[in-house]
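Next come two complexes, and both contain chain A; in the first it sits with chain B, in the second with chain C.
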Partner chain A sequence: MQLKKQNKITTTLTAATCTLLGINAADTVAEEGDWDFDSAILYYSEVDRVSAIEPVITAKREFGDEKSLNLKLVIDVLTGASANGATPSDQPQTFTRPSGKGSYTESADETPLDDTFKDTRVAFSTQWDQPLNSDYKTSLGANFSTEYDYLSLSLNGSLTRDFNKRNTSVSAGLSVANDTISPEGDLPIGFSSMAIDRGQAGFDSEFNATRDGGDDTKTTVDLIFGVTQVISSQTVMQLSYSISDSSGYLTDPFKIVSVVGNDGRPVDYRYEKRPDSRNKQSIYWQTKHHFTQDVLDISYRLFWDDWDITSHTIDLRYRWMFDSKRYLEPHFRYYSQSEADFYHRFLREGETLPEYASADYRLGELNGITLGLKYGMKLANEQEMSLRLEYYLQSGDNPEGDAPGILSDMELFPDVEAIIVQFSYNF
Partner chain B sequence: MHRFRTQGWYSGKLTSQHAVRIEIVVTPSEGPQSKSQFNNQNSPPTLESADGYWKGHFQAMASPCDIFMEVDDQSLANKLLQIASGEAWRIEQKFSRYREDNIVHQLNNSNGQPVKVDDEVSHLLDFAQQCWELSEGMFDITSGVLRRVWKFNGGSDIPEQAAIEAILPLVGWQHVNWSRPFFTLPEGMEIDFGGIGKEYAVDRTLLLLQQMTKEGLLVNFGGDIHANSRTKSAKHWSVGIENPNQPDAAAGVLKIRKGALATSGDARRFLQHDGKRYGHVLNPKTGWPIEHAPRSVTVAANTCTEAGVLATFALLQGADAEAFLKSQDVRYWLNH
Partner chain C sequence: MMLKVAALIIPITVLFSGCTNLGVEPWERNLLAKPEMQLIADPIEAGLDDHIYFSKEASSGGRSFAGGGCGCN
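== the complex of A and B ==
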């Protein structure tokens, strides 16, 4: 009749109703059958190194009675260069590509970077949450992730029991994952010397002699136990303990360790070799406090493993609400770890090879600081968007003492700087 | 419009998850409400305990009113119930068109003179004006005078066109002068907050109760409902929606964490003339019933007031009711 059918009046009507009742635009009715979508795109860029673009989309559907289904799709596009583990030198250095096809050369005085780092990862995960009765809730999930040379499958389940009028929740979770790696050019034999193609006739057989099988697997079992306690109507606290056991192929097939002479120059590059098992444990504590409008989120994680790595993470966020719709959230994160017992920045010529060795900077002693700022705003129709900007600085330490020869003047532990930009949109 | 009664009750059954179920059935009204219904002395509210919550009950606006409160303490439940019934009765007293001691009576008998109104009345008049604008003149709180010629009592008498035309000049928000805080109603015209009053009372009551407790609350005044989140048990409210014309059809159960439901329409209020059925919703521009409108419409929205207005707007669309509701992206239930 008179009303135009396509004319959506609900926004105006909601505003009029809110004025009448003297309230802010309330949340919409959360009903069964509504899909809730979250999309985000993340850009991560390390200075002179890897950069990644990662679009994420998640969808959640409530089925009533607290049943819900979550679906998540992540696509990672990685390009750029990554440190291969070798030490810098005063001469250019040539390395064979992991595939055995071709080589790359790093100029003098520079940290050797493998520029073949390029991959696309697609990950899909699904999670189903459901209460069993008024006190127990369960969650079951599956993840699938694939990239050119890597496949990961995992299943998880958890059980949560509520006590004390839901002011206390105790949960236990189990996750089992199986990963398969099958790099182009096969897996290198640990500690074998990298064959370098200098035009010699037998390069192919030299390279093949460093190769093991075409693929290998890794199995990881994680157990997590947690307690969430509502302290007051404004404060909630969480404490959890997790233990993780990995076994199988834990080595990075693309990383090498330089063997250096007394002058500090490389005489050999050996493929790294890590233990075939790792046991990790961590304790995590988090507290969220709601002020009248603002929210403080503080957490600490203590991590240790049987590779002798101990780490501390402190994370601090403060959501500063300008009004009910817009906020600014500063973020500070501090990370510090000790090195793995088999971490060696380099090996010395003439010394007996250790049982395991890796020069991967991620296993060395390091400190990282993240400084970030996020701006978020609610839009009409319950939509929300946010923009996050972060700066990350990681610096390594030199725990080896005196480096021989030329290495004493080289930057063995270069800082890694990264910029993270993330745009999120919830609809 | 919106002259109907709904009846709500608690089914008394708990599901395995102890969800509170509120069944709404749009029931036949007993014809136009008489003044005497409102002159009854209000009986005191009653409170009963259930598994994990309290249920309060009282009568207001010719409807059974229920308050579900997920609180432990009986004295708090009792206090909440007193506040709720007090607010419902206050709004009924202030806005009923059947009383002679309130502002509505004063306005309807102002003989064209400006009347200064308070903030609450101003807010409602502003809101009524916005609804009139949004509906392009179809939702009009001055249209009640048409009931002088239309009697929707299931009979077969339809008024003469001349009688309708005699009344029509007294209908139309465009004729009033609303200049806050002064309202001027031309002589012979009347206003009626019946189309928004009960839903407004539901929202106001929930807001008042929320100032007293953070626990889960559901306010149900004759099937018009507004609930907040059940923080303690973190469960949904289950609201059953039934079609009185098809009692055998499976009842829909709506699960809401919070939000509101309102119903407009009355399946029993119609006229049958020369084989043609005339529903009770009148077009304020023609003075004739809206044709092909659903008998009732239930809408879910953020607030009961908003749900009620959307449901009424839908009825005013006649045959296009469903298309209108679809274009508004709301959940709705139609009873044809």
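== the complex of A and C ==
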């Protein structure tokens, strides 16, 4: 949305945003009204688990000749509880906090949740788009994201070539990211047994014996190749292939795996251990069709990786225009994944440890359904606002059909329900 | 694997073989040029959704870089 009219709020917010982004407004805003701002605030809340509030602001400036600069700031405030991977039991269970300072207890028959999950993430990204000549366009970007115990830096670049009166575009993109994780209490040694403070004198040394270094890194290289084709004056289609290679520390240092006896009760908790490399690939297809008033947006993604996960994602949106200014947009998303080859809901006492194991339910077999509705309206001065409400349900089958003892009657994979509320304002 | 190769090859073949007949003249781009017809019509919403599903599911990427960027997965 390009603002043609100057108005007070834009001028004020330009200055405020530039201050926020650490940019001198006088240097960059040569002409008032050149910047377009989009903003949103997202509220995400799971039943009894994680909640997040996420404000976002983006600023875009056109420099003519299709050159443009995009800036984006995201703040993500997380609180709540997250499944630690352990199985439920018929007795209360006590776990050591990841920092080693203190413990938390989960009541009987409940999926153990670590309630210390709390973090604030600040992410800043910038993207520069520029045509090289009448056929080639390039885009270069950088992303920076920081949390209390996590730092991510990435650079990306892409090149697009237009053919056939710009009806066909072929693009290639590369992104390189380097992430550093440095949790409080250091990283656990994979498969070491969780030390539990029962008042014993040597707890600190027991806990320290499960610790590895203070931080570790991972490097991710992504490649995307895409073709976009105009099919008709009402239809456009995109097909892309992506390959992503991660290496380094890919384990979740906060997750554990229960070792259970023949009665299904836990005898030990081991810190999870994942492979130190992962290769992900996907094929993504998207089509948009304009019915001269309403718009249909449909996409499908086939994803697979060398952890033996395959997933299918279908996304459907229909923008139903009431008139030229107001619309209602129903949204449906279906997701289905198979489990990672090292996913184990639990390990059994007396059996040899596998090479890798994780009980993180996000690596198990699961289905996700999202149902949403968005209402949008255009305001005066080319401003626009929208509100969306969505419901997200994750469910999976109990993967171990032969769960021993008490576990055969327990919910090993409870549903996760979440609501998503987003308010957006473009000015 | 054959399915994956076919899923990639068939649409590409259809796209390229049809390219000479597909497409429109510049003056027929009225609807295609509308903001709601951009492949990612709402980049902020797309970014927020990518972050949610990256955090809650084992898959990521496809329409954009799969990347890292947070300690949530």
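In the analysis below, the second predicted complex is superposed on the first by the 394 of 427 C-alpha atoms of A that agree within 3 Å, B and C clash if a C-alpha of one lies under 4 Å from a C-alpha of the other, contacts with A are read in each partner's own complex, and residues count from 1 in each chain.
In this text, a residue touches a chain if its C-beta (ideal position, glycine included) is under 8 Å from a C-beta of that chain, and two chains touch if they have at least 3 such contacts.
Quantities reported herein were computed from a predicted structural model and do not represent experimental measurements.
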{"item": "Which superposed partner A:171 touches (first chain B, second chain C, both, neither)", "value": "neither"}
{"item": "Partner chain in contact with A:54 - chain B first, chain C second, else both or neither", "value": "second"}
{"item": "Contacts of A:134 with chain B and chain C, given as first, second, both or neither", "value": "first"}
{"item": "Partner chain in contact with A:179 - chain B first, chain C second, else both or neither", "value": "second"}
{"item": "Which superposed partner A:42 touches (first chain B, second chain C, both, neither)", "value": "second"}
{"item": "Per-residue contact with chain A, leading partner among chain C and chain B", "value": "C"}
{"item": "Residues on chain A lying within both footprints (that of chain B and that of chain C)", "value": "1, 165-166, 233"}
{"item": "Complex interface listing, chain B residues touching chain A", "value": "16-19, 123-124, 126-127, 130-131, 134-138, 200, 203-204, 207, 214, 232-236, 254-260, 283, 285, 290, 300-303, 305-306, 309-310, 313, 316-318, 320, 323-324, 327-331"}
{"item": "Residue numbers on chain A that touch chain B, as the complex places them", "value": "1-3, 5-10, 12-14, 16-23, 25-32, 64-66, 131, 133-134, 165-166, 233"}
{"item": "Residue numbers on chain A that touch chain C, as the complex places them", "value": "1, 38-40, 42, 44, 54, 56, 58, 72, 74, 76, 119, 121, 123, 143, 145, 147, 149-150, 152, 154, 156, 163-168, 173, 175, 177, 179, 181, 218, 220, 222, 224, 227-234, 236-242, 244, 246, 252, 280-286, 288, 290, 292, 295, 297, 299, 301-305, 307, 309, 311, 313, 319, 335, 337, 340, 362-363, 366, 368, 386, 388, 392, 394, 416, 418, 420, 422, 424"}
{"item": "Touch list for chain C against partner chain A, complex", "value": "4, 7-8, 11-12, 15-16, 18-20, 22-26, 28-32, 34-37, 39, 41-45, 47-48, 51-53, 56-71, 73"}
